[in-house]
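Please find the structures below.
Note that subunit A is present in both complexes that follow, paired respectively with subunit B and with subunit C.
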Partner chain A sequence: MRKGGPLFFIVGFFIFSLFGWVMFPKILFLEKTQPIDFSHVAHGEEAGLSCEDCHYFRADGSYAGIPSIDKCMECHEGGTGLEGKAAQEEEKLLEFAEEGKEIPWLIYSRQPDNVYFSHAAHVKMAEIECNTCHGDMGEREHPPIYKKNRLHPYSKQTMAMETCEACHQERGVLNDCFVCHK
Partner chain B sequence: MKKETIWYLDRRDFLKFAVGAVAGIHCSPMPWWLANDIALWTQNWSWRPSPQKGPVSFINSTCKLCPGACGIKVRLVGNLPVKIEGNPLHPINQGGICPLGAAGLQFLYSPSRIKSPLKRTGERGEGIWQEISWDEAIAELVEKLRDLRTNGNSHTVACIDGQRHGTMSRLWERFLKAYGSPNHIYTPSVEDTYDFTLTLMQGEGNGVGFDLENTRYILSFGCSLIEGWGAPTRMMRAYGAWRGEKLGNRTKIVQVDNRSSITVGKSDEWIPAFPGTEGALALGIAHVIIDEELYDSNFVKNYTYGFDKFKSLVLKEYSPQVVSEKTQVPKDTIIRVAREFATTKPSIALWGRGKGSRPSGFYESMAIHSLNALVGNINRPGGVLIPKGLPLTSWPDVEMDDIGTQGYYMPRVDQSKDLRFPFVAHRLQNMAANIQEETFYPINMLLVYEANPFFSIPDNLSFIQATKKIPFIVSFSSYMDETAMQSDLILPNHTYLERWDDAFTPLGLQYPVLSITRPVIKPIFNTQHTGDIILSVARELGGPVARSLQWHSFKDVLKQNTQGLFHYGKGIVPEAEPKEPWKGLSKESPSLPFASSDEMWNRMVEKGCWYDPAYSFGKWNRIFTTPTKKFEFFVTKLTTLLPKARDEVFLPHYEPITLEGDYPLLLMTYELITLVNDGIGNPPFMTKILDDTLLKKNDVFVEINPKTAKQYGLGEGDYAEIQSIKGKVRVRVHLFEGAMPGIVNIPLGLGHTAYDEYLKGKGVNPNEIISVVKEPVSDLALGWGTGIKLVKV
Partner chain C sequence: MKEVHKNGVKWGMVIDLDKCTGCGACSVACQAENNISFRKDETDRLRRISWLEIYQISNHLPYPHTRVIHMPRPCMHCDHHTPCVSVCPASATKTGADGVVSQVYPRCFGCRYCMAACPYHARYFNWWDPTWPKGMEKYLNPDVSPRMRGVVEKCSFCYHRYHRAKNKAFMEGRRELREGEYIPACVEACPSKAMTFGNLNDPHSEVARLAKSPFAFRLLEKLGSEPKVYYICTQDWVRKQADNYLEEERLRHE
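And now, the complex of A and B:
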């Protein structure tokens, strides 16, 4: 063996694997904050709303997802007399409502347009809990940082195809193309 | 001497480092994430389809893309319409939809939509426009209209209207009457043929119904029964009903046609008769029925006039042998079909070529309708009916001042309803000829509503030439079509998905239907409802015109119509899917359950329509209103017009059609359900499904019988030039056994010079080389075929 031995291999391996693990995710994702610092705790535990009050299935079986601003204004119309930081956040909401705009929420789990994802099939038929995919959103006081991928319009949390396939396989659901790509 | 070892990176070390780097990267998540991201990166492409998200809802409305008046059910996601389906509550289509109706959304987003009012700044047809505001546009129109009216030239304003069955046409008529112009002219249609045939033989021609669902034998003279004739989706439903019956009880369809169309393929028997001889064939069939005494003697005796004269003419001139020579139909076939037609009850004879965008011959129609009288199948189940009129609110009389009266009672520029031939109501071709030859008064302003005559009428180039003499042309088109291209001012209308509108009973339906069209989306461009423009122009003009049109908006006009229906008190605003409404013809209709006309209006808007399937059979004085109060084989109305003519002129007879020039071949146009050939452009979805034996890249194919093609040395796919007296077009040849020898078939609807990249320049427009033939007595312009030469190029 000549001088150096496996040293250069190890150095190369170490630097690049460190880059891949530490630097790359920092470069790849753009960190964004939600337009409003929304607290699920304040709405759930404190205001006494249930999850289904805002995140519900429509009569035709489709899922409403994040509620429209009209839903927010059912309670917040004219303000609710909040104080401090919460009042500032409510002010932002009222401004959106006044301009007639929807709140531009950043949706962590938004699936690409080429995938047909049905909440009814997953939640109602397969009885998968919400937090299996979405984490414990309901217990958060602040929304998590949204990590937008610089290469495309989706976030870090957007499920990749292998995740879908693995779960389908585990549960004995078909993995044919047409199941998701309609 | 000991060599000093200096540390340096040699090639081997570098390779070790690189291999380590590659291995290191692969032990991190980076390459695996990037592999996934490549798939998601494709979602940046702007042209990928992106489904709308939001709650799904449905709105019922009515299709206005053809006169069929089908109910549609528009699927919306959020506020965006995403799909058009058939409205299952609507009695005409009962949830069915045709390819055009299903492609309707493509009209909304068509690249040829006109996005704001435009004023021409370049030469006509050059396509140089200036965007102007609605106030400016309406002011310009009002100023020109006011000038013409003040100078006593109100009659020199003409309006071409492509939608005859709706409140918009009533409004145009009323506006023009108050303004002082008689020139409200519809685009040509087979409906003109039905109107005059019924006017002459039965007394009145305001609509005809064919009880096709209840009939057992159909003798169709060239009607494309399931390819767009009548109300297209109703006909497809009817076809399903016929074929749904048990074997032995099925309705027999006999199709007389010069080419093997889809309708021919779906019928029980095809009789290829030489085009133009259909009347002779009908008379040959009449000959057999009369000769063998198979006719309904009771009906003929009690309800017809002039049978003896008809009988002697038919027996003398139209023996199967003679007719066979004229029509190329074997003698035995004529005899057999005549026997079947007379002995199968009920049976019906239909006329009107293709989809019916062209009028049929005058005597041809009379000859065919005579067959219905011979077998006594008028005003009987399964026969020819006269549907009740729509009980709409009647409007107060138009207020007429001196200028208005003087203008309105001038003769029409298309010479319709004049003394020479008062029974054909709309003759657009005459208008062009009169303007061109300056034999009549000039036309100073042309208004074009929901029509594209510069493309769609036969011999359209002569028509465009004539309109060069019109100083001011206004188009209300939503799309940059051929007519809009040649106009001076464009006031774009909303599309049918953005506006309030309605549709009356379509051609051929047995019972009255009023269908409501409502906006399903807010107007996406700066367009305005033409109805509202008429009302605001009337307000600006002031005086009697304003007082005759006092509605605030066109929606109010529609809403007021409902009052008439409400007071009529009967009929159905559907709550549930109609169960075969044609089976309830002889039943009494239910009373309306509404407390007010407003309540009824709201329900009609929600459900889409009102209809009244009850039909009173009998009541012959309603059906026959001729001077003799009978069905007239011998037309007495004509005798006063032509006192010196021989008897034959007043009877159905056969007159050969003489084509201009000496040409060896006959060019026949044909219509397809997948190709629009009237007021609108074919949507890309439909153009895409045309066979490549019909349209390949930009070449259109004509159908030629292999025998004929051989004579001209033509093979499949060869290029050829068609030459007629009017001009020439370049086509490709498709050899087709279903084409009669000596005939070249060409589709209508291609060859646009306007619209967008999906339509412009595809194929050729046969209208450009068609020479219009005028029938001697009716003065009716026939434009379904023309003599041609074929040259291989």
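And now, the complex of A and C:
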């Protein structure tokens, strides 16, 4: 063996580990920010809304998800006299409303088209807390950075199949393919 | 497999051929409900996709003894040694605890063993990416994911309707469905009420009652695949054709 062989190995190992563990994940995910810096804290405690006022179930059991801009305009019509940074964010909201557009929110948990998920099963029947799956989304002042995977249109924050299956296994829920796929 | 859904639900269908007029409403409803794309030339039987095919069968006797009936053929959701499931090398198709044979499109890599194995020709291959006439994509069913080129697809007993029905029941705090809350699109569309759908394991259900009729039979019963789609017909020749034996085979069985 030539002299310096182990050194080359160690240096090479280091460079590639650095690339694989540190650089690649950075390159893989495109960081995006929400169209409006929406604060859950401001709307919870300060505006006196509960989660169900905005994220509610329809009568047929489907989940309404993120509210439409009409909901926001119930309070923000004509502006609420905010100042500074908050006023700028509110201005964006008013612009969307003026143009008659919906706000293009980025959905962290969005699943592929062929996956079926039911909030009714988890929230109504199993009474699982929102933060078990969504983390601290409901208590945030600012929405987190949305990390879009460059290889497909979903985010890093979305739940993987094995996470769903692990909890189902633990709680004795069926794991047949058609439970979650359509 | 069989023990698993002994006490739970086992979805099944009964099709009364005496009532079927061959109008094709079930097939059309299926096509629209399940986002099945179509091509310019739908007469190409080898390439077209139709989850619910309607066969016309005849006794081939000269007039005035000629008899013709129509036979809608969804996926049979075989219960025992399901032929497609046992040959799939990718686990893309499985028999669920409720007896419905699933197909997960992203898992399928298009080898088409299942198509060769299926005794009922209930499976179809996507030779092309699906296309719809301009503007029609807006009318696709959001509950059914469209398939891509290179995968196999088949009838799912409109499983998305099961999801929808269960979601509604969850809102009322129920896990069990009442009879009729979940039925596939074909059953709903049938104008002569020839199709019945429900839980075969529930002795009080209409399907379970009809499946026990002395005129009930299943296609190719001799294979032992235990289809969960039953047919009813009072005409003997139809029931005979459903289990087509070759001449010498018939002798052995009699």
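Definition applied: the second predicted complex is superposed on the first by the 164 of 182 C-alpha atoms of A that agree within 3 Å, B and C clash if a C-alpha of one lies under 4 Å from a C-alpha of the other, contacts with A are read in each partner's own complex, and residues count from 1 in each chain.
Please note the rule applied: a residue touches a chain if its C-beta (ideal position, glycine included) is under 8 Å from a C-beta of that chain, and two chains touch if they have at least 3 such contacts.
All values reported here derive from a predicted model rather than from experimental measurement.
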item: Which superposed partner A:57 touches (first subunit B, second subunit C, both, neither); value: second
item: Superposed model, subunit A: greater residue contact from subunit B or subunit C; value: B
item: Partner chain in contact with A:152 - subunit B first, subunit C second, else both or neither; value: first
item: Subunit B versus subunit C as contact partner of A:125, first or second or both or neither; value: second
item: Touched partner set for A:113, first subunit B, second subunit C, both or neither; value: both
item: Partner chain(s) touched by A:161 [first = subunit B, second = subunit C, both, neither]; value: first
item: Partner chain in contact with A:174 - subunit B first, subunit C second, else both or neither; value: second
item: Overlapping contact positions on subunit A, where the subunit C interface meets the subunit B interface; value: 60, 62, 112-114
item: Footprint of subunit A on subunit B - complex, ascending; value: 5, 7, 9, 12-14, 16-25, 27-31, 33, 36-37, 39-41, 43-44, 48-51, 53, 55-56
item: In the complex with subunit A, residue positions of subunit C that touch it; value: 94, 96-98, 100, 102, 104-106, 143-146, 156, 159-160, 163-164, 166-171, 173, 175
item: Sites on subunit A touched by subunit C in the complex; value: 57, 59-62, 112-114, 116, 118, 120-121, 124-125, 174, 176-179, 181-182
item: Footprint of subunit B on subunit A - complex, ascending; value: 2-4, 6-21, 24-25, 28, 58, 60, 62, 64-65, 112-114, 149, 151-154, 158, 160-162
